[in-house]
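Alright, structures below, take your time with them.
The following pair of complexes shares a single chain, chain A, combined with chain B in the former and chain C in the latter.
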Partner chain A sequence: MSHGDTVPLHPSSQSDIDEIENLINISAHSSVLPAKPQSPPRASIPISSSPFISSNIPQPSYQPQQQQQQSKPKPQSQSLPVPPVLPISNISPNSNGMSGFGSPVNTLTEPVWDTVKRDLSRIVSNLKLVVFPNPNREDPGKALRDWDLWGPFFFIVFLGLVLSWSASVKKSEVFAVAFALLAAGAIILTLNVLLLGGHIIFFQSLSLLGYCLFPLDVGALICMLKDNVILKVVVVCVTLAWSSWSAYPFMSSAVNPRRKALALYPVLLMYVSVGFLIIAID
Partner chain B sequence: MDESYTSLPTSHLLGSVPAVISEEKKTTDSAEARLQIFPPNNGGEKGRGYQSIGSSNDGEEQQATNNWKGVFNISSYIQYFNVDTDIVLDRIKYSLYPINGDFFRKIDANPDLYGLIWISTTLVFVIAALGNCATYLMDRHTDKKTTWSFDVNYVNVAAVAVYGYALLVPTAFSFMLQYLGSNSSLVRFWCMWGYSLFIFILSSFLLVIPVEFLRWLIILIAGSASSCFVALNMRSYIEGTDLTMVAVASFILQFALSLFIKIWFFP
Partner chain C sequence: MDPNQTVGENYANPKTCFFHVLFKAGALAFYILSALFFNSFVIIFVVTVLLAALDFWVVKNVSGRILVGLRWENEINDLGESVWKFECLDQESLARMNKKDSWLFWWTLYLTAVAWIFLGIFSLIRFQADYLLVVGVCVSLSIANIVGFTRCRKDAKKQIQQFASQTIASRMSSTIQSAFSVV
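This part shows the complex of A and B:
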C-alpha cells in the first residue's frame, strides 16, 4: 500500500505497515474515513478502550494474516501491543510536509525551516505584545500566554556579545559579567516577587524580563556603532525608560499594591546597571 | 456510600481515579482558620511556593518557628519578606542615626531580609560604577592625558567584598554569641548589618569628588556613623552580659570595611 511517503521503507517494514493499516481499516470500516487516506481515523477506533476488557480486536488480526502472502512468524505479539499504542492524537492531517505514518510525529518530520519559522513568529508576536504599545497592556496575564525562552536567550546573548565587542580590553570578562548579571538578575527578580508574596509564574516572568531587554539591545547596538559619549547617554536613557515602561505593568500587578515599589526597585536597578555598562564600556 | 464506588468492576482499570478522597478538611478548618489555607488542599501542603501563608500569621503566633518547610522551599522564606514599602523606608531612615541604639527593638517582631539583599546589591553596583568614575577623575587630576577605561574587575571585587562581609560577619557574631552563652538570632543580625550598609551608598555619591582631603573626610564620617550604629545596637542587644568586646569588635570591623572601600575603589 502506498502511503505517499517519499522516504523509501525497508522491505520488511512494509509488510508490518500493511498489516497495521489493514487492522485499522477493518476495525474502523464502519466509521467515516477522512479524506486523506494516510492518517488513521480518530475517535472511532475501538482500541481506545482498556485492554482488560475482552474485545474483538485480536480476532480480526487473524484475517489479514491469512490474506497476507508474507506473514511474519510472530505477528500476534506484535499486533496486540500495537493497536493501543496508536493514540487518538490531535495532530491535524493538514500539516505541511510529510505526515509520516503515525499522526503524532508530524512536527518531528516537518522541514526544519518550518520549525524555525514557527519559533521566530512566536518570538516576534511575544515581542510585539510586551515591548510595543498595544491595547492588552492593562491585563498582564494576557501579556505572555504563549511564553517561550528562546527570545530571552537570544536577547541576553546578543547583549553580552555587543558589550563584549564594544570593549577594548578584557572582552571575555565583560561578556561573563553581562551574561551573569542578566541571567542571574532575571531569576533573582522573579524570586523577589515570589518572596514578597506576589503571584507570578516563574518561567513566564523570566520570559518577560528577557523580552524587556530588547530596547537595551537596540541601544547597545547603536552605542557600539557610534562612539560618542553624549549620544550614548541619551540613547541609553531613552532605551532604559522604554525597558522599564514595558516591564512595569507586569511586575506591579503581581504584588500587593503596598509593596509595589519593593518589587519594582530591583528591576530598575538591574536595567540601570546594564545601562551603565553600555555607556561605560569603551 | 464510598465503599460502593470502589467495588465496581471498573475500578481496577488503567487510569481509573479513586472515587472519593476522604476529606478531613472540615475538622482542620476550625483549628487552622486563622491560617487561610487556600483550597484545594488536603491538610498539609508542600511546595506551593506562591501562597502567602506567612502574611496572615503576624501578631497571632510565633512567626519564627512555624513556617519552615525546608531549605529549598520558597514558602519558608516568605516570612522574612513580610514588609511593605513604608516599613522598609522607615528602617532605612532609622539606620542613618547612629546614636539611638534600639534598632533591634524596632525590628524585633518582623525582621526582614529584603533590606540586606537589596541594599548590599545596590552597594555593589554603586561602588563598582562610581569607583570607576572616581578613579578616572583622580587620574585625570594628576595626569591630564588619561582616557576613560572601564575596569570590569571592580564589579567582581565589590561583589566579593560586600556580599562576603554582609553574609559572614553577622554569622560569625551569631555563632560567637551562642558559643559564649547568650542567645542570638541570626536573622536579626543580618537585618541590622544589612541596613547599616545604606549609609555607604549615600557616601559613595559624594566620594566621586576628586579632592583627596574631602574623600578622607567623607569616609571617616560615614564609616564612624555606620560603625557607631552597629556597635551601639550590639551593645544594647547583649546588655546584661559582660561581652563588650563583641561591640568593640563590630565597630572595628565596620570601620575596616569603610576604609577598604575608600582605598580600593576611590583612591
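This part shows the complex of A and C:
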C-alpha cells in the first residue's frame, strides 16, 4: 500500500486500494493480529510465529463486510462460492475473526514451523481418533474430517521395512510386495465401498485404512524382535483384531446396512493376509 | 526498499527457490544414480519416495506460498463432502511477486513431472515392475501438485476478475449516490 512506488500501479487502482484499506480499518474491529504484516515488498514469511490455527473450525465467525452481496452459502460443490469482499479468493471457513483479510493471509504467511507443527499434530490426532477408543467413533464423517496421507504413508513404509528386515532372503521383493499389496489393497477396498453405493470420500478412506495399519505395525515390530512362533501368532491375532476393530465403524457406516458384510469382509481379508505375511516371514 | 525488487532481475527468495529445486532434483538424481551405488531396491525406494514426499510438502506448503502466493487444500465439510479450498494473496501482493520466482516455480513443476514420466516409460520398457512402482508414486505426487496449483491459479484469476467488476459496480453506485445526495 505505502510501497506503491515499487510497482507501477495505475493511479485509479491506487485509489481503489486506499478505499479498500479504509474498509479494512473500519471492519477489522476485533483483530488480534495486525491486518497484514506491514506490506513487505516481497512475500516473506515472518520470523515471529503467528497463533496456532486449527484447520477445521466448523463455524465460521466471518465478519460481515460492507461490500458483501450475499451471505456465505453452504459449500456445495468443488470450490467455495464465496464472493470475495477483498481481492482474496475463497475466504475459507476457518476465518476466526483474526483480521479483515481473514485467515487466508494467516495460513499463507504463517511461518514454516507453524505449518510443520500443524501437520504433525494433525497426524497425531488422526491416529488417536482412528485407532484408540474415543467418543467420536460412532460418527465417522466427523472423525477423520481432516484426513491426511502422511500417516498412512509412514505406516505402510514402516510395515514394509519391518517385513523386509525380518526376511532373510529376497528382502527387496518382500518390501515391494508389501508396499504394493497395501497400497493397491487400500485403493481397491475404497473402490469396493464406492461401488457398493457407499458414501465415502476416496482420500478419506485411503487415509483411514492406512491409519488402521498402525496396530499391525506394532505387531510386526514385536514379531521382528522376538522370534517365538507362538508369541507371533498371539501378537498377530491381537493386533489383527485391533486393526479390524478400528476400521469397522467407518466402513460399516459408509454403506447400506444390508451390505455391511460385503464391505467389511475384504478389509478383514486384507488384514488377515498381512497378518499371515508377518507370521510367515522368517 | 528492497534492492532486489527494484532491480527485478534477481530472485527475490533465493533460499526458497533453492529448497524448491533441491528435493525435486535430489529425488531424480538419487533415482538415476542409485543403480551405480546401491544394490538394494529397498533403500532406493524408500529414499526416493521420501524425497519426493518431502518435495511435495515443501512445494505445497512453503514455496507455493512464497513464490507464487497460492495455496490449495482439500477438506471435508460438515456435510461430509469433499471441498477444495484455494487461497491466494491479494492483488497487489500478487502483482509484486517476482517474475523470476514464479517462472522457476512453474517450470520446475512441469519439468519434474515430465522427467518422471520419461523415467517411467524407461522402466516400463525394461519390464522392471518395482521401479515402475517408485516412478508411479513420484509421478502421482508431482501431478497432484500441478493440478492443485493450476486450479488455484485459475480460481485466483476468476476471483480477481470478480472483485474488479464488483469494485467497479460499487464505485459506480457510490458515485451515483453521492451525485444524488448533492442534489
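Quick notes on this one:
As a working rule, the second predicted complex is superposed on the first by the 168 of 282 C-alpha atoms of A that agree within 3 Å, B and C clash if a C-alpha of one lies under 4 Å from a C-alpha of the other, contacts with A are read in each partner's own complex, and residues count from 1 in each chain.
To be clear about the criterion, a contact is a pair of C-beta atoms (placed from the backbone, for glycine too) under 8 Å apart; a residue touches a chain by one contact, two chains touch by 3 or more.
Worth saying up front: this structure is predicted, and the values here are computed from it rather than measured.
Shared-chain residue A:Arg122: touches no atom of chain B or chain C. When both complexes are overlaid on chain A, the residue A:Leu191 reaches chain B alone and has no touch with chain C. In the superposed model, C is the one of chain B and chain C that contacts more residues of chain A. In the superposed model, A:Tyr265 lies in contact with chain B only, and not with chain C.
Using the contact criterion defined above for the overlaid structures, shared-chain residue A:His199 touches chain B and also reaches chain C.
Chain A residues 173, 199 lie at the interface with chain B in one structure and with chain C in the other.
For chain B in complex with chain A, the touching residues are 12-14, 49-50, 52, 54-55, 74, 77-78, 80-86, 88, 114, 117-118, 121-122, 125, 129, 132, 147-153, 155-156. Note for the complex: chain C touches chain A at residues 1-2, 4-6, 12-13, 40-42, 45-46, 49-50, 53, 57, 61-62, 65-66, 69, 71, 73-93, 95-98, 129-130, 133, 151, 155-156, 158-160, 162-163, 166-167, 170-171. Across the complex, chain B is touched by residues 50-53, 167-170, 173-174, 177, 191-192, 194-197, 199-200, 256, 258-262, 265-266, 269, 272-273, 276, 280-282 of chain A.
For chain A in complex with chain C, the touching residues are 1, 3-7, 9, 16-17, 19, 41-45, 55-56, 58, 67, 69, 74-76, 78-80, 83-84, 86-90, 92-93, 101, 104-105, 107-109, 112, 115, 119, 141, 144-147, 150, 153, 157, 160-161, 164, 171-173, 175-176, 179-180, 199, 201, 203-204.
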